[in-house]
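Just so it is clear, A, B, C and D label the chains in written order, and each chain counts residues from 1 on its own.
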Amino acid sequence: MLEQLIDPAAPQVPVMVQGATGRAARQHIKLMLGHGTNIVAGISPKAAGEVQDGVPIFATCAEAVEGTGARVSLPMVPPMSVLPAAREALEAGVRLIVTVTEGMPVRDAMHLHALIREHGAEWTGASSPGLAVPGRCKLGFLPDACLALGPIALWSKSGTLSYETALRLKSRGLGQSAWIGVGGDAVKGTRFADLVPLFRDHTPTRAVVIVGEIGGTEEEDLAARLAQEPLDKPVYAILAGSAAPEGKTMGHAGAIVSGGKGTFESKAEALQSAGVHVFRAIPPLVDRVAQDFQKETA
Amino acid sequence: MLEQLIDPAAPQVPVMVQGATGRAARQHIKLMLGHGTNIVAGISPKAAGEVQDGVPIFATCAEAVEGTGARVSLPMVPPMSVLPAAREALEAGVRLIVTVTEGMPVRDAMHLHALIREHGAEWTGASSPGLAVPGRCKLGFLPDACLALGPIALWSKSGTLSYETALRLKSRGLGQSAWIGVGGDAVKGTRFADLVPLFRDHTPTRAVVIVGEIGGTEEEDLAARLAQEPLDKPVYAILAGSAAPEGKTMGHAGAIVSGGKGTFESKAEALQSAGVHVFRAIPPLVDRVAQDFQKETA
Amino acid sequence: MEATILLLEHDAKMLLGARGLTVPEGVLAAADTMPEPTGDGPWVVKAQVPVGGRGKAGGVCVVQDRAGLQEAADAICALTIKGFPVRELRIEEAVPDATELYVGLVLDPATAEVVVMASAEGGVEIEAQAETAIHRRWARPDEASLTAALAEVAGALPPNAARAVTEAGARIVAAWLDLDATLIELNPLFLRADGSWIAGDVRMDVDEGALPRQPGLTALLDDRAAAYPEAIFKRDNGFDLVVVDPEGEIGLVTTGAGLSMQLIDEMTARGLKPYNFCDIRSGGMRGDPARLVENIRRVLEGPNLKCILVNIFAGITELGEFAGLLLKALDELGEVPVPLVVRLVGNGQDRADAILRASGRGLILERDLDRAISLCAAPEVADA
Amino acid sequence: MEATILLLEHDAKMLLGARGLTVPEGVLAAADTMPEPTGDGPWVVKAQVPVGGRGKAGGVCVVQDRAGLQEAADAICALTIKGFPVRELRIEEAVPDATELYVGLVLDPATAEVVVMASAEGGVEIEAQAETAIHRRWARPDEASLTAALAEVAGALPPNAARAVTEAGARIVAAWLDLDATLIELNPLFLRADGSWIAGDVRMDVDEGALPRQPGLTALLDDRAAAYPEAIFKRDNGFDLVVVDPEGEIGLVTTGAGLSMQLIDEMTARGLKPYNFCDIRSGGMRGDPARLVENIRRVLEGPNLKCILVNIFAGITELGEFAGLLLKALDELGEVPVPLVVRLVGNGQDRADAILRASGRGLILERDLDRAISLCAAPEVADA
């Protein structure tokens, strides 16, 4: 389903939003609709039967899937409700869950991960900032000001750092072919390495920019996968946290250097030996990507 | 330049807006920026040196091109000023002019056409509703609510009819790979037939929807070109004006049946014999396109 | 969008005559006002309608004496030619015993150039002529290029014809450039045995977009406002409104030329009878309900009007603001004797619907265009 | 984003001890408050810092008698281990003459499962052990799956070790599930010659995101607020603030974890000394300047603070509103003794800059992040 989502030549995937009548959900539903997202249903038992900003509201996921053919769900619910919401959506037949709530308990995330496997479905989250194919669809919070269709696939753990990176690349004429926010969580649905096969034959993508950070082994695992199955397009990475002290969690649950693992150096070395251009600051990354594209089009 | 504009894997083309400080121009510059358009300069002698919504304003096109590398110009100026504005932009080295002003005199349009040929440049207009690659760039007035990235190339004479068509296709999950409003003028820069080679190898496009109308021979010329150089993807057309009386200009300068020429029947026959599916109403067109895509993805 | 204005023959001849083109002496007449024609006859009485094919439709009649004039005028004024009731006539001196040539300048959209055309075989059936009989050259819209092209097409004709085409052609080249024309045809251009020529019929289209720099044309339209109701309406009101079927039952208040045309098509296909075409340009109303008032007032002139459909697709306009203007317009109009079906889609549609509902005016709101069209057929079934 | 909370050894032992895990008797102490330890010694004095490697850093000391206790305590309390000044100690009975085993449950992000690990060769260098010495099984986070995995890894050990790992492991499995842990390691798990076992050291991380359903953990953090300043700060203020360098010179008021981390990197690389990490979550302030007040007040505690950088990238938040809140916060704070460099980019940036300029507060506004960082180095050069 992620594959269809990022294929600009495929029909748009019908999306439902759980918890659609919440204040923030309503605001973001408008922004997502404004970006072309095919939101066909909202879920909210107390508003069932109403139409909100053109989106029909259903009491249950099963009714929404039955009535609209929704294939993707975006639960916009409080942290403790993410797991039950996602379970209901999966049982209703949804094929992709994108969760954006911050603070889903890790154990819930582990349970959801197992449920996703059982259903043969897909999950991006726990706290994804969002996914987007600019102009086609946007699920989550990615700011419209940063979105611009272009040749760069952006894979990011962080929201804000990827916004800043995207905005600067955009100011150099380089928009995104797709933007996948995998989130900064320890336990997550889609990891960087999972994206490699999806983007190998994604023709709108001419380069990949990874927005990674210290902590965990996701960058190292990505490097291992790239070494085995090269992407055949240039890959650049910015890694945040090179100056972070050990033992301090830097906001993201996963962003902690502990026992000498998950360091900037470990990630940079792994990625570099897989052919990735690694940067520790945004300006040189942006300059390099822009230069490489200029050379190519010159 | 149009080719680069519609290629999502190319860097974004730098655009300047002439007459940038006008009320409507300013409103639309914000909307275009919001859609990711790489607007690098505005032209307005009386506001030169200022920065408006993040866009630097220059006194002349030459200074703007020199300072920003703008390659495309969008003159948002009154009808009688379009020709001199476009001439200035061409002389400054711009490669594509997109004009959106209604009411440019026909003789001015003929002069501009000749100038464009002399400079080996490109022109879309006279009164184009706009061009867009959803999420990547938008030049002109195309409403954001209608824009969604997807598999359909939309080529349209009319603004509103194409908005309505796009919105209904979008509600079926079918967004646009690119949208070219050629305008409803008699004399114009880009004609339907000119788009055939641009879209033959445009991989994001899986089908073309033509929004045509009575008057002129543009649809017939398109049919002739398609018969010689088929597009290798399905082409659908809706033609407005099947019920229009002869001799009445229906809003668009070109939309007039006169002396038995430019009729719905003439256009429909020509297009049908070139393999185009022709409709005289929106709902059956939308149903057919959606069905064909469903079959394909089933 | 700016349109082309098809000048009536009489007006075209007055304009070109003043620019040195020889045309038969003639006067403008109507069924009830018949000025004295010049000369002694025979005369030609011609319907003044902005459409071709009037000859075939009986709109052109040669009369030998003054006695026949009124009779012919009455007969022609009773005609409706391709939807245009004949209201005016031109009575001019006939040109007997002359050869019919053709010379014309026609805009060619495909090349954005002017096609300069000439033929030694003019006459009403010019379009049906063998291709070889018409000589064509393409020219840029400047004097040198047009004159050179004219010399080339004239050079392909016999000497007398060539001279006539060159001389008459020079006049229309000048007029084309002076008056921002998009089409000028002399057909026939009469060539007499003595080598003199005179333009038997003139068709001339001018570019509405160029009117701001054409004070002469603007004055002409002012003087002849009744003959150019749509151009005058547009100039005075800032938007297009064209009555497509005076017997029509459904008045349209719509924005966008293409969509409005399409609406007429879909209505017609479903057996409904739209009264008018309209492009109100909702984006340019700037807080003033005047266009709405004029639009509605105008469609209410339709004697068979049963319903009004308001269809606004707002990309940029805020529909809440539009809804407010619509209510102001209805207030200004007082009682509107037919139901209004209102379809507002786009930016601010929810707010707009709420405003209209709250007005208590019983407007029939429907978002789906197909259902809105159905409601126009039977507004009484709406659950307003 | 919710983080992991690394419990201090003493707290972990209290929690697990209450759940049936045998741990050495011990007390919490500080340099100036030294409660009477249980037993007769020898004792181990251990620095309580939320970071590994304290042994190598001199943070663990065995003392034979009461006389040595104060001396060891003073020595250890003088240490700063990986940036953490030692403020607390655990003094517990030493466990002599025992074999060191290892058993642990660790979250494996790659599989989203729990790795159950055991080894007959525990001790401080467990990470450096040969891979073959550690037995691993992956399990789902439920009792059946964890217990089965535990049985398998225990089964690979000698009988006495297997029994100890099975028994101690059952306790940590239960605690893992009960307390939403993300890591529990017993290293060493002491195995005595008589087959009895006791957990020599415990590391336990718990999931901050699960606190709302963990009243016991919440109470622990409340009781021990001084030991968990960042978790308590976050709970009380709704956002993250971590002092990364108590000697730092630049205070950060920033939103977004990734971008804030990156800012610290870029500042550090340019030789600047950021004081804190911060994710103020500007989108969640809802019209209340409290977070800004708290953020600025907190960074002003830095003794070397020279400048504050406010960096907000607003995708959704309206920056005009943010600017208003920033001014309110500054009003509430009274005089702020250092200059503020403010970079607001995104939705409503023009309005925000205008509001801040109009305030006359001499804020240094700069849109470009690189230049903003440079200005932090030398705010006096800014043309405010």
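Please note the rule applied: a residue touches a chain if its C-beta (ideal position, glycine included) is under 8 Å from a C-beta of that chain, and two chains touch if they have at least 3 such contacts.
The shown structure was predicted, so the numbers you read here are calculated from the model rather than taken from an experiment.
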item: Shortest contact path, chain B to chain C, counted in steps; value: 1
item: Longest centre-to-centre distance from chain C, chain (CA-based); value: D
item: Centre-to-centre distance between chain D and chain A (centres being mean Cα positions), rounded to whole Å; value: 26
item: Separation of mean Cα positions, chain C and chain A [Å, integer]; value: 57
item: Whole-Å separation of chain centres (CA-atom averages), chain C against chain D; value: 80
item: For chain D, residues that touch 2 or more chains besides their own; value: none
item: Sites on chain B at which at least two other chains make contact; value: 144-145
item: Residues of chain D defined as touching chain A within the complex; value: 1-4, 6, 49-53, 82-84, 107, 109-110, 112-114, 127, 140-141, 177, 180, 182, 207-210, 212-213, 230, 240, 242, 244-245, 255-262, 264-269, 274, 277, 279, 313-316, 345-347, 369-370
item: Of all residues in chain B, those that touch chain C in their complex; value: 27-28, 31, 79-80, 102-107, 109-111, 113-114, 127, 141-146, 156-164, 167, 184-188, 191, 211, 213-214, 216-218, 221, 238, 240-256, 258-260, 280-283
item: Complex interface listing, chain A residues touching chain B; value: 8-14, 34-38, 132-137, 144-145, 147-151, 170-175, 177, 203-206, 290, 293-294, 297
